[in-house]
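Below are two complexes that have subunit A in common, paired first with subunit B and then with subunit C.
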Partner chain A sequence: MATTTTGRERFGRYAEEFRWFLRETWLGYALVLPTTVLLGVIVVYPTVSGVWISLFEQSLINPGDAEFVGLGNYARMVADPTFWLAFKNSVLLTAVAVSLEYLLGLGLALALKEKVPGIGLFRSVSMVTWVLPIIVMVIIFRWLVQPDFGFVNIVLDWLGLPTTYWFGNETWAFPLVVAMHVWRNVPFFAIALMASMQSVPESLYEAAQLDGAGPLQRFRYITLPQISYVSMIMIVLHVIFTFNNFDIVYLSTGGGPVNSTEVLATYVYKQAFTSYALGYAASVGVVMLILLLTFTAVYVKLEET
Partner chain B sequence: MATRDVGGRGLLGRFDDWLDEETSPRRALAVYGVLAVYFGFLLLPIAWLILSTLMSTEVMYSGRVVPAADELTLRNYAHVLARPEFRRYFVNSTVVATATTALTLVFGTLAGYALSRFEFPGRSVLLLGYISTQMLPWVLVLIPFFLLMFELGLVDSFTGIVLAHTAFALPFATWMLKGYFDDIPESLDDAAKMDGCSQVDVLWRVILPLSAPGMAVAGFYTFVLSWNDYLAVSVLSQTAATRTLPFGLQLFQTQNQINWGLVLTAAVITMVPVILLFAVVQRWLVEGLANGGMKGT
Partner chain C sequence: MTESRKTSRPSRRDCVRGLSVGAAATLAGCIGGSFSGGSSGSNGSGNDKELIFWTDYFSDENDDPWEKWYKESFEEETGTNLKVAAFSYEDRRQKFLTGARSGNPDYIEGVLSHLSEFVKADLVEPIGDRAKELDYFDGYVDGAMRAMEYDGKLYGLPFTGNGRALIYRKDVFERHGLEPPQTAEEFLEVGRTINEKEDGMWAFHNCTKKGSVRAFQEWMSHVYQHEDNLYEREGDGWTLVPDAEVFAKVFDAFYYRVWAADDPIANPEQKGTGWQVNDPGFLNGQFAMIECGPWLRGWTTGEEIQDAERTKALLDEKSAVAHLPRAKGGSKGTYLEVKPVMVNANSGNKDAAWEGVRRFTSPESLRKQKEAIPDSGDLATPVHEDVESTIDNENWKPLVDVFETGKPLAKISWGPVQEAFWTEMQNVVYGKKGPDAAGKDLHSQLKSLESEV
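Moving on, here comes the complex of A and B:
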């Protein structure tokens, strides 16, 4: 019979297929190998190792001499008021900065999507704050709020309002840190939301207009739902980036004055590389890790849908 | 009648002619108004920075906002460029960012090509795995990373810094490149294979030439990330030999008496390369960021 094949023949065909499969996959694996190994050694291994270090009392001065303390670092952390302050500041900074970035970005996106002459120039220039080195941004803001000769204080003085070095002010340092995040990220939000708005089919708007929907209703019932996916992605990504951000706070205020702008990232860094308390720093880092992994899980869920 | 009509419409009429048909003058004015507020907020600080670097010390500390034209000077630039340590940081930054970009593009292209064109078990897990490494707390990662570099003798070396920067940039660069490769029709691959190209030839002769904008955007992203980084450099760099610009600028600022003319001018020179590269790639950047971040797996 033509349809029956001997075991040997069948095996031969499977072997052929398997060889082909191997050839395909072999090259695939080979191509991803460098990236996978690099990220494994430089990011994944240190992360796991960081969790391990958090169980030890270890100093940067003599890293070989580590003493196992179990959950001792975590017990110390729960009783540490500066940790809780940094925790609160991190959450507050992330919530306030990302909300403002989204709302302001939405406004800018609405303007940038209009086809007025010269709009291309506005679109391309807008991302400039996002590519600026953070140290340069920090220098600009510190210069702006210098007493006597900073632009902000010149204007405040002209208006008859009090002037001071605002980064050194316990009440105003935190809002300034928020302002820097917003200044930096609003354009990115605007460009992403604009791209998303442009992909909304024009026919939806025309249909709504025929049904008598005004501009506000069209924004509420067509634009907002249509850009919700991109909005969620942008918000989750920026929650992660902002929560993880170290240098904006560290370079501008160093966490001060009197810890009023301390966030978890700066606290970990200072504990590890200024106080040399590696184990304790790692335990605070693990708290960040848990929260960031939670946000990442949300992000992955969004990307999969 | 017709002539009076044109005259009567005047400035507003000419403004209307200039706009396209769908946009009314009132709408356009509102848009320009909104844009003026936003761009004032975004660009005035940068303009004030640049203006300040052109002032002499006396004018800078005088509390005036607008200096007279004859008070402008390039002396600050001459001062900064004459400082050997600043030139050194500039060279170091260039070396580190260039090496990081080269390494990231090579690794990212290979991985992006595999993820775009090959079917193998674990492919989608790998892609999400890569992107997840971007979300880990860097301050935590750096503690064991520093100990690892210490054991390998790579503290205070360009190698250590470049490895750290590559790890920062690689996940998103790979993702972006994969997005660009996905946009190239696979029928082109097949045609090339019919002509006798191997898989590697396809990458070299078909994919790479067609994804030049993607390469430019991913390269730009990586270069800027490395050029701007303070965190990894501050941990790994111990001497002036490996110090890059952000770290050097921070040192200029923490000296007892801040010389603002020097600090501001150094800041402007630091941002110049980034701005120039931005000007080159900006037309692809918007699209590239939208592609990489939004399209999903």
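Moving on, here comes the complex of A and C:
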């Protein structure tokens, strides 16, 4: 009897706590609900749908006529040499471009931080490349390297050096794609890192100077650790952006010459819209998603430790 | 007072309810919008008051009088507003394949390879019954009309057509006593002579950019010199027609020996370029021969043209047209480009969409186009007998003969075929493979696509 009463009391207390919990938090849940539903529609649904499609052989021409193949698309991918070439190019492009962007962005940030006359104007001008639409940037680069009247070739010709259509050159097309990424993104790195540097208390530098630390030591032991969080965010963002980037390669080289600039993003597009292989394209997309999620998780974890 | 405040100020519950209703309405709007196809509406009611037409004709200010006539007469006839949206052909194809089921656009102008893709995807409406009632129906050029058919049904009306020809510098040929080449050997010989004797000019250029539709069309032109089709209908499937030797011959004469051999006739520094270098290069006097269509005639201005007067003189007095040279065993033949205008099978107002197609492709519309753009390349070889050619220059008149030898694309899905071609073509141009090996590999790839196309 006594046990029953205790049980009832306990249940009553839990019920009361639950009611209190609902009373105190229902407004919060209600406010979060629209965003959650919206994200579900525009993020979760397409992602799950993409993973689902990757298990089917489905054609763009007749999307309703899909055949379940399980992991068949993934098995095909493993045996596909063009996939591996695109994979290698994507990793190489991302590693080289983001590394250069970070190093050059860091250098530019140190320059932009200096208090010299006209620096405000220089800071604004330095952002131009990042603000330009990608198509405009690609057109500028295409014009620069045109065989006969491109500025680069005119200068090379004037110096007595060989000229060519650089985007059509197997050796130089890939470095040129890297150069476009770097040219575009260095200012963004610089502005973000400069903002981070400006938030470092001046007293730290003064104390280090009193202790006899030189400029390099101050940079190594004060600046770099203080900007590491912003650096991590910028690197993660740009790894994702570069790895997923489609338009720079597609508009400048189309993946050529002889597949030398083919990357996973252009390969997915071609599989879906040229070869009509929606399922296979989705499976490559899923692999890209997994790679980027893994990179982000590992990098963030390493940064925390 | 308290009661009054209670009624005049919304409670927390009211705020949340309002937010929830707002979010629900927004989501409903999003979802509803994505299925309804936006402004054109596609509820099948047939009462829509706005129609959408995708074409990039009308995007040039020279088209204005033609566009004005078209829009006004259409809106007057149907009582429906017309909205024209311009996309490149590649964008248009992709957007139509992914979004046409929403009913947007109501009708579309495309290229021939689009027609077969759209028909296979059940995205375009057969219009044969309506078209046969037109009193000018019989005046359309037979070849162009055949190109509009799929499995005996008519899916579009043509409004422009052309064949790919050899456009060459008549003055350069005359200066060195050369004749337009008919065979591949003559072509290469002429090319070497020009390279040897002309400074600042290369004998030839064709498109070799990966993904270039123009490159594919040029290659097909040479394949059509050997066979009537790349694929032929056999029962319910398709069979590849040319053998590996044909591909090898074409690769050898027009790609390997042009770009990769020891004595190339094209500038090796221009490998991997597309029409952006090909056409302006000829118009600026850098090439003696290109493979091109009549649109070149009207291209005398724009940022690609270095000197408009010089280009005009080059086109009027110094250029001429001939059939494309042929590899051994080939005969006259070329890629026939015919552009169809098609009704979206999912349009909410097919009657008005048909009226749009009919009006755009009518001889009256073609004449209006000619008035607006007297030297339009689109009407150099008109697709209707009631419309006269815009060519008044004797040197360019062979375009009409070339057009008559044109062969339309088979009604297959061309995407995978193009992808295979671009890879092998670049392998040849960049010297990665010999023409024989590339021909064999391409043949084997295209053979394996028989069940897919």
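As a convention for this text, the second predicted complex is superposed on the first by the 255 of 305 C-alpha atoms of A that agree within 3 Å, B and C clash if a C-alpha of one lies under 4 Å from a C-alpha of the other, contacts with A are read in each partner's own complex, and residues count from 1 in each chain.
We take it that a contact is a pair of C-beta atoms (placed from the backbone, for glycine too) under 8 Å apart; a residue touches a chain by one contact, two chains touch by 3 or more.
For clarity, every value in this text was computed on a predicted model and none was experimentally measured.
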First, second, both or neither for A:148, with subunit B first and subunit C second: both
Which of subunit B and subunit C A:237 touches, first, second, both or neither: first
Partner chain in contact with A:274 - subunit B first, subunit C second, else both or neither: second
Partner contacting more residues of subunit A (subunit B vs subunit C): B
Partner chain(s) touched by A:169 [first = subunit B, second = subunit C, both, neither]: second
Which of subunit B and subunit C A:255 touches, first, second, both or neither: second
Which superposed partner A:226 touches (first subunit B, second subunit C, both, neither): neither
Contacts of A:61 with subunit B and subunit C, given as first, second, both or neither: second
On subunit A, the residue positions that both subunit B and subunit C contact, one per complex: 27, 31, 34, 38, 41, 60, 142, 146, 148-149, 250, 273
Residue numbers on subunit A that touch subunit B, as the complex places them: 24-25, 27-29, 31-32, 34-36, 38-39, 41-47, 49-50, 53, 60, 63, 104, 107-108, 110-112, 114-117, 122-129, 131-136, 139-144, 146, 148-149, 151, 154, 157, 183, 186-188, 191-192, 195-196, 230, 233-234, 237, 240, 244, 246-247, 250-251, 264-265, 268-269, 272-273, 278, 281-282, 285-286, 288-289, 292-293, 295-296, 299-300, 303-304
In the complex with subunit C, residue positions of subunit A that touch it: 27, 30-31, 33-34, 37-38, 41, 60-62, 142, 146-149, 163-165, 167-170, 173, 250, 253-259, 270, 273-276
Interface residues, subunit C side, partner subunit A - complex: 12, 16, 19-20, 22-23, 26-27, 30-31, 94, 97-98, 117, 120-122, 208-212, 267, 269-273, 276-277, 286, 306, 413, 415-416, 418-419, 422-423, 426-427, 429-430, 432
Subunit B residues touching subunit A - in the complex, by the definition given at the top: 18-20, 22-23, 27-28, 31-32, 34-35, 38-39, 41-43, 45-46, 48-49, 52, 60-65, 106-108, 110-111, 113-115, 118-121, 123, 126, 128-130, 132-133, 135-148, 150, 163-164, 166-167, 170-171, 174, 199, 224, 227-228, 230-231, 234-235, 245-246, 249-250, 253, 260, 263-264, 267-268, 270-271, 274-275, 278, 282-283, 285-287, 289-290, 293-294, 296-297
